[in-house]
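Look for subunit A in each of the two complexes below; its partner is subunit B in the first and subunit C in the second.
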Partner chain A sequence: MGRKLLLEHAGAEGIRYYDVYRKKGGYASVEKALKMTPEAIVEEVKKSGLRGRGGAGFPTGLKWSFIAKPEGVPRHLVCNADESEPGTFKDRYLMEFIPHLLIEGLIVSSFALGSNTTYIYIRGEYAWIPDILEQAIAEAKANGWLGKNILGSGFDCEIYVQRGAGAYICGEETALIESLEGKRGNPRIKPPFPAIKGVWDRPTVVNNVETLAAIVPVINLGGEEYAKIGVGRSTGTKLISACGNINKPGVYEIDMTISVEEFIFSDEYCGGIANSKKLKACIPGGSSVPILPANLLLKTAKGETRYMNYESLSDGGFATGSMMGSGGFVVLDEDQCVVKHTYTLARFYRHESCGQCSPCREGTGWMEKILKNIDTGKGKMSDIDLLWDIQRKIEGNTICPLGDAAAWPVAAAIRHFRDEFEWHVRNPEECLRRNYGLAHYADEREVVA
Partner chain B sequence: MKFSEEKLKKVSEIIACYPEGKQKSALLPVLHLAQEQFGWLSAETMDYVAALLSLEPVEVYEVATFYSMYNLKPVGKYLFEVCQTGPCMINGSDDIIAYIGERLGINPGETTADGLFTLKTVECLGACGYAPMMQLGKHYREHLTKDKVDAIIEECRNNAAANN
Partner chain C sequence: MAEEKKLFKVTIDNITVEVEPGTTILNAARQIGGEVTPPAMCYYSKLKGSGGKCRTCLVEVAAGSTADPRPMPKLVASCRTTVMDGMIVKNITSERVMDARKGVVEFLLINHPLDCPICDQAGECHLQDLSYEHGTEGTRFEFQKRIFKKHDLGPYIQLHMTRCILCYRCVYVADQLTNKRVHGILDRGDHAEIATYIEKALDNDFIGNVIDVCPVGALTDRTFRFKNRVWFTKPVNAHRNCDKCCGKVHAWLRGDEILRVTARKDQWGEVEDWICNECRFEKKNIRDWEIEGPAEINRHSVISQGHYAGKTGTTMPTETFPNIMNGRQPKLLMDIHSVSEVNPPGLDLAAIPGPAHSGDFEGKKEISDKH
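Moving on, here comes the complex of A and B:
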């Protein structure tokens, strides 16, 4: 059983409410942090090795250290709760079941960054969660953890929740800032980075929900102790939202020393593949990261065990590896069609492209159409190379990473499952009736019923 | 066209969350309020919101047309927004969408003649572990099966009848 730093009390009766949360040791990190200097807190976060949990994995302490502090200009912390990456539903779980953990992390982080007004930008579809967060904020304020002169420290802080309105792109931090300003979610050209010019041109730090919640154990344990959990540059714990064809979909907190095999097959986590089928493929970190066939998922190309951490999941680069990403873990069994699955993702990215950059706006539409043709038996052999060519021309040629995010799943599907695409083209009628590649890519282990 | 007193109070509270002069930031939340009250965002509604926040109408139009949750034409009393992205697809969302369409006699994007139901397909709503799923009003309906769909349709019809 791995150590739980975030979800230890998530199942406790009434933990959503202040009294229970406080009894379980809640808000201790605020008491500790307000006796420290903001600089000392940033140092602890740096020492902890905590990396952004939204997808990019950028070191949080380093990001915080970039914030500009011009005289007389307010600074803002913005919590990115625009969780929209297909396969990802961990932040929702955290906000829904243990909202005070996020509020606690926000207060400490606001103090460290000098943000007197902090915003939570939450995706619009999570329409019932702002009520839960606002209840937690009101309770925290009623108990002196928010408002003026918190614990006599002289630090003032208010937290507000803003709902988005349906746009994946607003998970990109500069698009989120635009949206918070009441505009279309068009990403900004960087530089200037938000740390210099963010919301209303003020210095701004945007961090993911899970990242900000993890500040609580970082402060409680101290950066050095936190860094001892996990392995290498994958410190602390990570929330994984597991879904697809598994027995136990859900949100799991892992310490990053367990293997992918253990995560999928042990009863503590996913509980194996559903309906006694075999594992065919997996997207380990949200829809944007490369899909891997079973053999490359469980072992690296060098034949070493693959682990659930940043370094091991990306071992082999995009040729034979993938990424930790957002922790959205999508498992496909032997009956799933990679072409069709990739088509739904291409449709998703076409739908979500903001339209600013031509390679992404046009390219995602073309990829969707071509994939739909192949999936429905109307594809040509040359379409596969055309798809490859389009994704290559999107990647790296857009203002924001949505272009890359749209290109990578298509590239990986062709890289690892090219014969499945070819089979669709060669068997236009049969591909509508059944899927190709059943046991070919599937994990060869004995299936335990 | 005017917000209720309760909604107007809410608008003031929302504006107060942002620095002075930055009331444009209130636009997304205020459009949600408008949609709650008026059901969808007509040009007239958008112009009203623009005036309320001292914005040019075009600033409201460009936002309303960007975000997928804003309805730019009338929708049924019950809007079924069914996810069709990868993780839901591998758990059978195509069958669920087809079944809802069959039960209601409409295709995705259409509204029933009695104005009660609209069926819409949407992209990932962040409920992948509880697939297939749909949004109905403020909440999610998860682990959908044909039986559950039947029960939801029944529930909506009963609610509509009770409110008439």
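Moving on, here comes the complex of A and C:
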């Protein structure tokens, strides 16, 4: 059993409310942090090696140290709760069940960054969660953890919850900032980065919910102690939202030392593939990271065991590896069709492209149309190469990473499952009736009925 | 002694130029001019905040600066990236750039109707120029294009959204020139459209400028629609005393008739001075204007073919292509002999007995037998 830092008290009854949360040792990190200097907190976070949990995995302490500190200009911390990546639902779990953990992390982080006005930008689809958060904020304020002169330290902080209107693109930090300002959620062109010019042209740090929640154990344990958990540069614990064809879908907290095989098949976590099927493929970090066939998922191309951490999952680059991403672990069993799956994702990205820059706006729609053709047995062999060419011309040529996110799943599907695409083209009628099957990328594991 | 301003040295396609700090790569390239200037479909130097969207101006930065000579991993939008001292930029010398640009042109065209034969913008369309220079002859897009209905935005402007490439220029014009913007982008992705809120009319004294900034034929002048092809009209410099704007325009004449009035544009196709709606739409009588003389069209445009192309006041036609095309040699778009099936190079016309008929070339003997 791995060590739990975030979800330690998740099962306690009434943990959503202040009294229970406080009794379980909540808000201790605020007491500790307000006695430190903001610089010392940033230094602790740097020492902890905590990496951004939103997907990119950028070191949080480093990001915090970039924030500009011009005289007389307010700074802002924005919590990115626009968790829209298909397959990712860890932030929802945190906010819904332990909202005070996020609030606690926000107060500490706001103090470290000097943000007197802090925002939580939450996606519109989480319609019921703002109420939970606002209640938690009210409770925290009533008990003196928010407002003016917190704990007599002279530090003022207010937290506001802002609802989005339901757009994937608003999870991109600059689009989120635009949306927060009340504008159309189009990503900004960087530079300038939010650390220099963010919300209302003020220095801003945008962090994921889980990152901010993880600040609490970082402060409680101390940076060095926190860094001892995990392995290499993947320190601390990570929430994984597992879904797909597994026996026990849900949110799991792992300490990044367990192997992918253990995560999928042990009863402690996913509990194996549902309905005694075989593992076919998996997207290890949310819909935009490359899909991996079973053989490359469990072992790297070098034949080493693959572990659930940043380095191991991306071992081999995009040729034979994937990414940790946001921790949206989607498992596909032998009955799933990779072409249909890729088509579904392409449809999603087409729908969510903001339409600002041309490669993504036009390319996502084009890819979706071609994939639909292949999926419904109307494809041509040349379409597969065309798809490859389109994704290549989108990737890296767009303003924000949505273009890359749309291109990577298509690229990986063609890279690893080209035979399945070709089978669809060659058997236009059969592909509507049955699934291609497992073929060479199958997991050789014996199925225990 | 005045303090000397430090200039940044930047090398674009092996040509070094010194520019002021804060200049973008695109503007540095424009100082060099010619082929090394990346095309720009959405950037407009007169509109603050424009650019970065169309991705046609992508360039490769081979060395970031003298201090940090690492190359930038991704291609960057030259219109929004400022130069650093010692930066080395590759535009037409980089295969990566040309490949990406070809891709962008293809993306821009897949949903564009390519109705140039009936489009008023044809002849002065930036997308046309771009496709000639960077596009391919054929298309790989085999689906239905997105279509929108035409909208009349008031008495002067028609919006033909199907042709739009979503450059956002008209939105910036309305934001920065008029006091109240009533049109913008609705929806997102490839179904995004320029629209007014519930088909409201655009009525502002300066809103006519959206027609001039539109790189394609999406926003057209209703007073000029289908009146004439631009290359049959003669642009002249004209001015009048206007209390709203500078009053300096290009009047487009056919005979003695003014068919259309536009703002004067510079060599990058950008408006020099914004003009008001009254000058643009209502003063179509030649007596309203004082004609200064033929206008110089600097852009390599079909308009400059056939008539005034030299310096203002010159009556002699300039005959060589490089002269007309501002130093550029014409590009061979296709070799007609290699693509024509009617008269292939290998065909010996003398060997065909009797008068030749179309059937001779296709091997269909029966057609010629009837004769």
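Note that in this section the second predicted complex is superposed on the first by the 447 of 449 C-alpha atoms of A that agree within 3 Å, B and C clash if a C-alpha of one lies under 4 Å from a C-alpha of the other, contacts with A are read in each partner's own complex, and residues count from 1 in each chain.
The definition used in the following text is that a residue touches a chain if its C-beta (ideal position, glycine included) is under 8 Å from a C-beta of that chain, and two chains touch if they have at least 3 such contacts.
Keep in mind that what you see is a predicted model, and the values were worked out from it rather than measured.
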If we overlay the two complexes on their shared chain A, which of subunit B and subunit C does A:251 touch? Say first, second, both or neither. first
Greater subunit A contact set [subunit C / subunit B]: B
In the superposed arrangement, does A:166 touch subunit B (first), subunit C (second), both or neither? first
If you stack the two complexes on chain A, which partner ends up touching A:386: first (subunit B), second (subunit C), both, or neither? second
Just subunit B (first), just subunit C (second), both, or neither: which does A:110 touch? neither
Which of subunit B and subunit C A:207 touches, first, second, both or neither: neither
Touch test for A:60: subunit B only (first), subunit C only (second), both, or neither? neither
Which holds for A:189: it touches subunit B only (first), subunit C only (second), both, or neither? second
Figure out whether A:358 sits in contact with subunit B (first) or subunit C (second), or with both, or with neither. second
Please identify the positions on subunit A that touch both subunit B and subunit C, taking each partner from its own complex. 167, 184, 351-352, 354
Contact set on subunit C toward subunit A in their complex: 51-56, 58, 74-75, 77, 80, 99-100, 103-104, 106-108, 110-111, 140-141, 143, 146, 165-166, 168, 184-185, 187-192
Which stretch or stretches of subunit A touch subunit B in the complex? 74, 83-89, 92, 117, 119, 123-128, 160, 162-168, 179-185, 200, 241-245, 249-251, 283, 287, 328, 330, 332, 336, 340-341, 344-345, 347-348, 351-352, 354
With touch defined as at the start, can you tell me which subunit A residues reach subunit C in the complex? 167, 169, 184, 189, 350-359, 361-366, 369, 386, 389-390, 392-393, 396-399
Sites on subunit B touched by subunit A in the complex: 17, 19, 22, 24-29, 31-32, 59, 62-63, 66-70, 84-87, 89-91, 122-131, 135, 137-139
